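Across the two complexes that follow, chain A remains constant while its partner is chain B and subsequently chain C.
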Partner chain A sequence: MAINTTLLSESTENSPDKQNNFVIALAGNPNVGKSTVFNRLTGLKQHTGNWPGKTVIKAEGTFSHRNRHYTLVDLPGTYSLHTSSSDEEVARDFICFSRPDITLVVCDATCLERNLNLVLQILEITDRVLVCVNLLDEAERKGIHVDIAMLARQLGIPAVGTAARSGRGLESLKNVLDDMLAGKIAIRPRQLVYDPELERSINKIEKRLAPYLPAWINSRWVALRVLERDFSILEHISNHKNNDFPRQVLKEEVALCLP
Partner chain B sequence: MPHTLSLADIPIGASVRIAEILTPGNNRRRLLDLGLVPGARVEIIRRSPSGNPTAYLIKGAVIALRNENAAQIMVDTN
Partner chain C sequence: MSTINNPGLSVLQEIEPLLPTNTANIKDRIVSSIYQQAESVSAQVVRSKNSQYTGLEARLDNILTSRWLGFPIMLLLLTLILWITITGANYPSQLLATGLFWLEEQLTALFLAVNAPVWLSGLLIQGMYRSLAWVVSVMLPPMAIFFPLFTLLEDLGYLPRVAFNMDKLFRRAGAHGKQCLTMCMGFGCNAAGVISCRIIDSPRERLIAILTNTFSICNGRFPTLIALSTIFMGTLVSQAYSSVLATLAVVAIIMTGIATTLLVSSLLSRTLFRGMPSFFVLELPPFRRPQLGQILIRSLLDRTLFVLWRAVVIAAPAGALTWILANSFVGGTSVFALIVGWLNPLGQLMGMDGIILIAFLLGLPANEIVLPILIMGYISAGSMLELDSLNALRILLLDHGWTWITALCVMLFSLLHFPCGTTLYTIFKETRSARWTLLSALLPLLLGIVVTLLINQGAQIIMR
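On to the complex of A and B.
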């Protein structure tokens, strides 16, 4: 997996017209129609089905819209980005280290609440997020109305409603991707604020870590992982930076900050 | 008032509200990510023939839990 993601980021960074090529990560809970969105956007007939690990190996497809070229990377369906399974680790590493231009999070309109956990977790890593509320047709059959504009306002990021099976909403999804990349959409993502005691610990660890972290990584998010005693994130950063990142020293140092 | 009933004690078809999760550490995080948060409504869907695991409907998704995990999730029956 690590090799795969490296290859992808290198190939896009080295490509001659990088300014016109964009990588979109496709994330979401299991069973939200993520693969249908993928197939609709790319025209690629990816095998659909549902069993654990089916999409652990990422699928990639391409499409073009308004003169921009997109590589869409289908991440495994997960409820979370905590690394308790290989699926979650693949999704987290891609969003964190391969730095897609936009992460498109597909949600199930019939049970939106449970999907927002993942949206908020992704927003802790990156603010370049577009929410796609899919299965609107199923929600309507169940008498559920989703106020997409309100959702976007509450999250501080764009949201689009779709029914990917029939293709509904996919044109505007592509338009919003384009508008985001053109900088036409103001993004003020909702930041989760924890209780004061937790915030103090986060700040303390973040201050200690920040000087050693690459500029593109969200130091608050790394501090949160360390606070959960997930030190594997330091290993990952070290592997990715491929230099003399003082992971052992840092690990010991930040351990002293832990409550 | 301490909660005396856990998710493992609830009969099939019943609907309860989560009061407290006693599970510590990473497993606690896992349960929260699955939607098992205090205040959430849980419906008991079915038990496997051996009695373990049990399927629960939580925030629109069916989640299977082993009894030892369910026993650490305290619930209100109202």
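On to the complex of A and C.
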């Protein structure tokens, strides 16, 4: 899985036409219609039924819109990014290390609250996030109304409502992707705040770590993982080919700043 | 995840003892923080007219997963389903048996009329047909009642609630919370249960789940348990309460299985597989109005007929093999009797006999055929030829010295012995290791031998 991730990031970074090629990661909880969105955007017929436990394979497809070319990567459906399972790790590693240009998080409008957990966690890693509130048709049938504009304001990132089964909202989804890449949309992502004690530890760790972490990684997020004793993240960073920090220093700094 | 494998980060190893040991607590705090904020965003964004999850459903969930009522409700539902199965299966079972054994008489007459050789009619009728008839008449009715009821609960969305209730227990046993889902799958079929362990991604906890899946009583064993329980446990009290007691005995065996799952999981996670369980988010899907027609069709076609067909396919050759073993003679004794003779001392110690043990051994391909082989074994030992109801089965077993202790030991051994051939093969495919497969067979077998030994010896002392 890790190999796939690096391969993909290399292929996109080394592509001669990087200017006009963009990688979009498709994330979301299981059974929110992610694959339907994927099929609708790419015109592919990916098998949609899935159950947790079958081998996790990332599906890829391409599409073009307003003279931009997109590679869409369908990540395994997960409820969180806490890497207690391999599909969560695949999703996390891709979002963190392959650095897609935009992470498109598909949510289920009928149970938005649960889906927001994942959105908020992804926002800790990257701020280039677009929320797609899918299954609006089903939500309407159940008498649930989702205020998309309010959601965008609350999260500080763009949000689009869709009903992918009928194709509703997908044009504006593509337009918003384009606008985001053109820098037409201001992004001020909402940050998760933890209890004061945790915040103190996070800040302490982050301050020590930050100078040694590559610029593209969210140091606060790394600090959180270290606090959870998830050291695999540090290994990932030091193993990553793009690392531009002295490994030895990182080790010692981490040792000093842990609570 | 909390261990450090990369030698390049060895400094971390030194400070690891300095880290807060209660990481679960930190993780919990982080997760609950995320949940709170998701809730507050959602509260400002989502308006629902007739909220899906505030009224009835939320109240229902509060009751079904409540600390005090959760487990009693689970037990009650399980008991209710089994009680309906046991009382409901009696009559059709008898009807089927009567019909099928009437057919046997006609077949025998036909074979006689065409002057077929004795060995052929023996092999085909007493060997194959009779075991098939038993499989159908003893197993079909309970399955046809039990499976639709179980599917109904599944369709309603009750199973995830069960998993929710059990999660804490599994975590305390050092296992993954998802193991209760794989355990539930095991109640259908252990092979399916073992495959479903793929949802557990940490290899440590997945192996624990695989190795303990056989402690979930599967489809193949339910009918045996139900029949024996009806015959022996039921008759310990007066007619009016017999089906209740029979039900409770089966429930007790299932609960013993769950307790064993937890115990062995805990044992394994403390010895062979040390480590911390990883945590996960368990989804409680909305309750759905079950589609009754769909349930009937699915459970009858996919489960009942599927299991029955497999039993038939395996029972026929196994029946033939048993007949051949019982009718090939070495120095005046049949091969069957010879093997039974070897196994008998061990069987007696375990509160059973040689024929019961050979039935379990020959039943390796599928648990469904243990009872038919057992019956054939007794019949070929020559006491009675015709069986047409559970009562006849009771008389046959009593004739061979069965008591309720025998029945109890057989029921326990049915719970605690090697998994069936299909399951073992699946375990081998999933773990890719002959060693784990062997352990998955030996672990329950040893447990079964020890438990039945203790029960039998204990009972002997008390009865004396």
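To be clear about the criterion, the second predicted complex is superposed on the first by the 237 of 259 C-alpha atoms of A that agree within 3 Å, B and C clash if a C-alpha of one lies under 4 Å from a C-alpha of the other, contacts with A are read in each partner's own complex, and residues count from 1 in each chain.
Convention: contacts are C-beta pairs under 8 Å (C-beta built on N, C-alpha and C of every residue); 3 or more make two chains touch, one makes a residue touch a chain.
Every value quoted in this text rests on a predicted model; they were computed, and no experiment measured them.
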Partners on chain A (chain B, chain C) - clash or fit: clash
First, second, both or neither for A:Glu171, with chain B first and chain C second: neither
Touched partner set for A:Glu228, first chain B, second chain C, both or neither: both
Which of chain B and chain C A:Tyr79 touches, first, second, both or neither: both
Larger contact residue set on chain A - chain B or chain C: C
Partner chain(s) touched by A:Thr110 [first = chain B, second = chain C, both, neither]: both
Superposition clash, chain C against chain B - the stretch among 133-141, 277-285, 403-411 or 439-447 that is involved: 277-285
On chain A, the residue positions that both chain B and chain C contact, one per complex: 79-80, 82, 84, 110-111, 113-114, 117, 228
Sites on chain B touched by chain A in the complex: 26, 29-30, 33-35, 58-61
Touch list for chain A against partner chain B, complex: 29, 31, 79-80, 82, 84, 108, 110-111, 113-114, 117, 228
Footprint of chain C on chain A - complex, ascending: 51-54, 79-80, 82-87, 110-114, 116-117, 119-121, 142-147, 150-151, 154-155, 190, 192-195, 198, 224, 227-232, 234-235, 238, 247, 251-252, 254-255, 258-259
Residues of chain C touching chain A in the complex: 1-2, 4-6, 8-12, 14-15, 18-20, 23, 26-27, 29-31, 33-35, 37-39, 41-42, 44-53, 196, 198-202, 278-281, 283
